[in-house]
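Read from first to last, the chains carry the letters A, B and C; within each, the first residue is number 1.
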Amino acid sequence: MQLLNKKPESLLDVKMHYCPGCGHGIIHRLVAEVMDELGIRARTIGVAPVGCAVFADTYFNCDMIQGPHGRGPAEATGIKRAKPGTIVFSYQGDGDLASIGMAEIVHAAIRSENITVIFVNNAIYGMTGGQMAPTTLMGQKATTCVDGRNAKQAGYPIKMCEMLATVDGATYLERTTVHNAPGVLKTKASLKKAFQNQIDGKGFSMVEVLSMCPTNWGTRLDNPSEATKFVAEGMLPVFPLGVYKDAQRN
Amino acid sequence: MAEKKLMKGNEALSEGAIRAGCRFFAGYPITPQNEIPEYMSWRLPQVGGAFVQAESEVSAINMVYGAGATGVRCMTSSSSPGISLKQEGISYAAGADLPIFIGNVMRGGPGLGNIAGAQGDYWQATRGGGHGDYRTFVMAPNSVTEMANFPHKCFEVSFKYRLPSMVLADGILGQMMEPVEFKHPEIDPSTLTEPDWALGVNNNRAKRIVKSYDLKEGGVEIMVNERVKRYRQIEAAETIYEEKMLEDAEIALVAYGISARVCVAAMKLAREKGLKVGLFRPITLWPFPKARLVELSKKMKHFLVVEMSLGQMVEDVQLALNGRSQLHLYAKPGASVITADEIYKAMDNIVKKGAKEYAAAK
Amino acid sequence: MYQGIKISGFGGQGVISAGYLLAQAGMMEGKEVSFFPAYGAEMRGGTANCSVVVASEEVTTPIVSTPDTAIVLNEPSLAKFEPSVKPGGLLIVNSSLVNSKPTRTDIKILFVPCNQVAGELGNGKVMNMVALGAFAAATGAITVDAIARALPKVYKKLKPEVIELNIKALKRGAEFK
């Protein structure tokens, strides 16, 4: 018998707490596979957010730090500057990165901090139970906008890749998805590039990954296949996939 | 002895931190501590360290949280409003047992207040400041030489017991110049043993996690109680104070930092006029030297607490005296300067006119 | 000897650098010193002042609230600091710019036309040195030579001829004791 696939060494064999149909498990695995393939596990430090991925510190098989909500890019900056020989990634959700941590992510990009950011955008607050996120779509229901997001009350969803593309210091920005198989494969390639950029000293790289939250997207979508449809039909038109920045750096 | 150098308090604190092995600094401009990030920005690269001007105090403390997690001696500094912003990060550092070092050059508050030297952050510094059950090791210098030398002790205590430490200075100490003497040998960080919790290149050892949470039932209780044991050790071993002319004194001034300097002037004035006055100066504000105050209270008739705040440290003194001596307060909030004359008059009132005690005056 | 000194004037009159220089000179002469400049908003175009202590014993407080000597270089400074001078102390008044007359009778008052003297030397900027020279001569707290020796330590980028000019100003000021 031939072993075709195994758990990556960079991911510990522990039970994850993520809900059925959630994208975090897929994205964790992709990050771990990339760490394995680049041979960087023994010198990588990951920064776990506040949000559903708070326990990422126990899942990845590398040194990890967990700190205040939204401050991942600042923590990553401190680690990278103090220990330039390490590979540092910050793993953040949409509330963490695009709401409370907006200043930290923008300024990490402005400084072209040589770090890798994995931004999981599922358009909702998961850990706290389904409140409106900065990336919640227009009309999308959440526990703090029960009739759906409306512009007068809550403005419009923020498009982080588009915004950060205006920042000179941002080196590489790409939006991908994990709602289907081609998306998963593409995401892995993008993550690999984002880590390779750091190894090559090219500066700030971020991959925004569109992901599913069947639990908090409301009853209609409370099953994984409906949730993937919401990504395809609801999120993709608002958050188009693609490379938003790929700057040449020496 | 080497040639004495005239230095600003803020510069002395910065140089003192570097000589104590500090190799990472993140900060954000705020008066009256701007000389610290300015100094660090050119001095740290000279010793192979890193400086980052952060986008905010919030970010700065979290950069230090990250750097501190790698076991590097690191520092941030700010002044009162900025220290308020850093409280979240300080709480996380306390909760993650990280030995980070913070300089607070206090100014008048609350709110934007003013930029003059004040002592209104005593409660914030000694009570934790951020959320949760924790302590911070707090030292209060009263001279530029102490500004230069206290970072050494702060790093030592921080790393030995794994908790954040702070030098609590004020705008006057930050801005004034005095001849400075560096008393400790310079520390080369490459000679220090890397802590067994530090994140970094792991050479396939077991992974390490720096975190402040534990969602298991009773988990945080265990974490905090483990920390409390270390707090008790610090109280027993690291409490520092200074006494001046208390042997024959009928009245003891109690003051820290710049207020204690004014008290020395007041003490000289009072002694010239025949009042027997001494000074008790807490140097560590946490741990507070309460045991020594308890001893002193057995023979000292009067205590007069002098502080440039509405009366914050007086509560620690009150707890220590526990009614054994008469306690008085001379307090001036809002970063207004206390003069030796005013303190003398307050003492004269107590001794000759039986001024009301602190508890009664409230 | 214990001299608490207040120096005050317009921003740009060299108030802060004169205080720094005095402290540096005192230290180089083996005395105990401190220097505390008013900072921040007060520095931006308004009046500037600083506290200096030069002493043969330990400096108690660096904040000088009742100066042994006040050096007032402009009109507002006279009103602000004349009342604070210690009885028996010294008030040095820049009579080139201060028109009002001091009213205290329990202190020594020395009028020095700092701007005029500096102008005669060919550079108005050295008016602060004229005042320091007068202070040194009148109090004996420090020597003019010590201040002269401290000049290159404080003004690291000054050309030798400018240092010379500053020393001339110190010496001219010392004639006003």
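General remarks:
Convention: contacts are C-beta pairs under 8 Å (C-beta built on N, C-alpha and C of every residue); 3 or more make two chains touch, one makes a residue touch a chain.
The structure displayed is predicted, hence computed values, not measured ones.
Here A-B and B-C were compared by C-beta pairs in contact; the pair with more is A-B. For chain B, the chain with the farthest CA centroid is A. Once the centre of each chain is set as its mean CA position, chain A and chain C turn out to be 62 Å apart.
Chain B has its Cα centroid 40 Å from the Cα centroid of chain A.
The geometric centre of chain B is 34 Å away from that of chain C, both derived from CA atoms. Residue positions of chain B in touch with at least two other chains are not found. Partner chain B is touched in their complex by these residues of chain A: 42-43, 45, 47-48, 54, 57-58, 60-68, 71, 74-79, 81-83, 85-86, 103-104, 106-107, 110-111. Within the complex formed with chain C, the residues of chain B that make contact are 4, 6, 31-32, 115-116, 171-172, 175-179, 258, 261-262, 264-265, 268, 337, 339-341. Across the complex, chain C meets chain B through its residues 20, 23-24, 27, 32-37, 39-41, 58-63, 65-66.
Only residues 23-24, 26, 50, 52, 54-56, 58-60, 62-70, 72, 74, 88-89, 92, 96, 199-204, 207-213 of chain B touch chain A when the two sit together in their complex.
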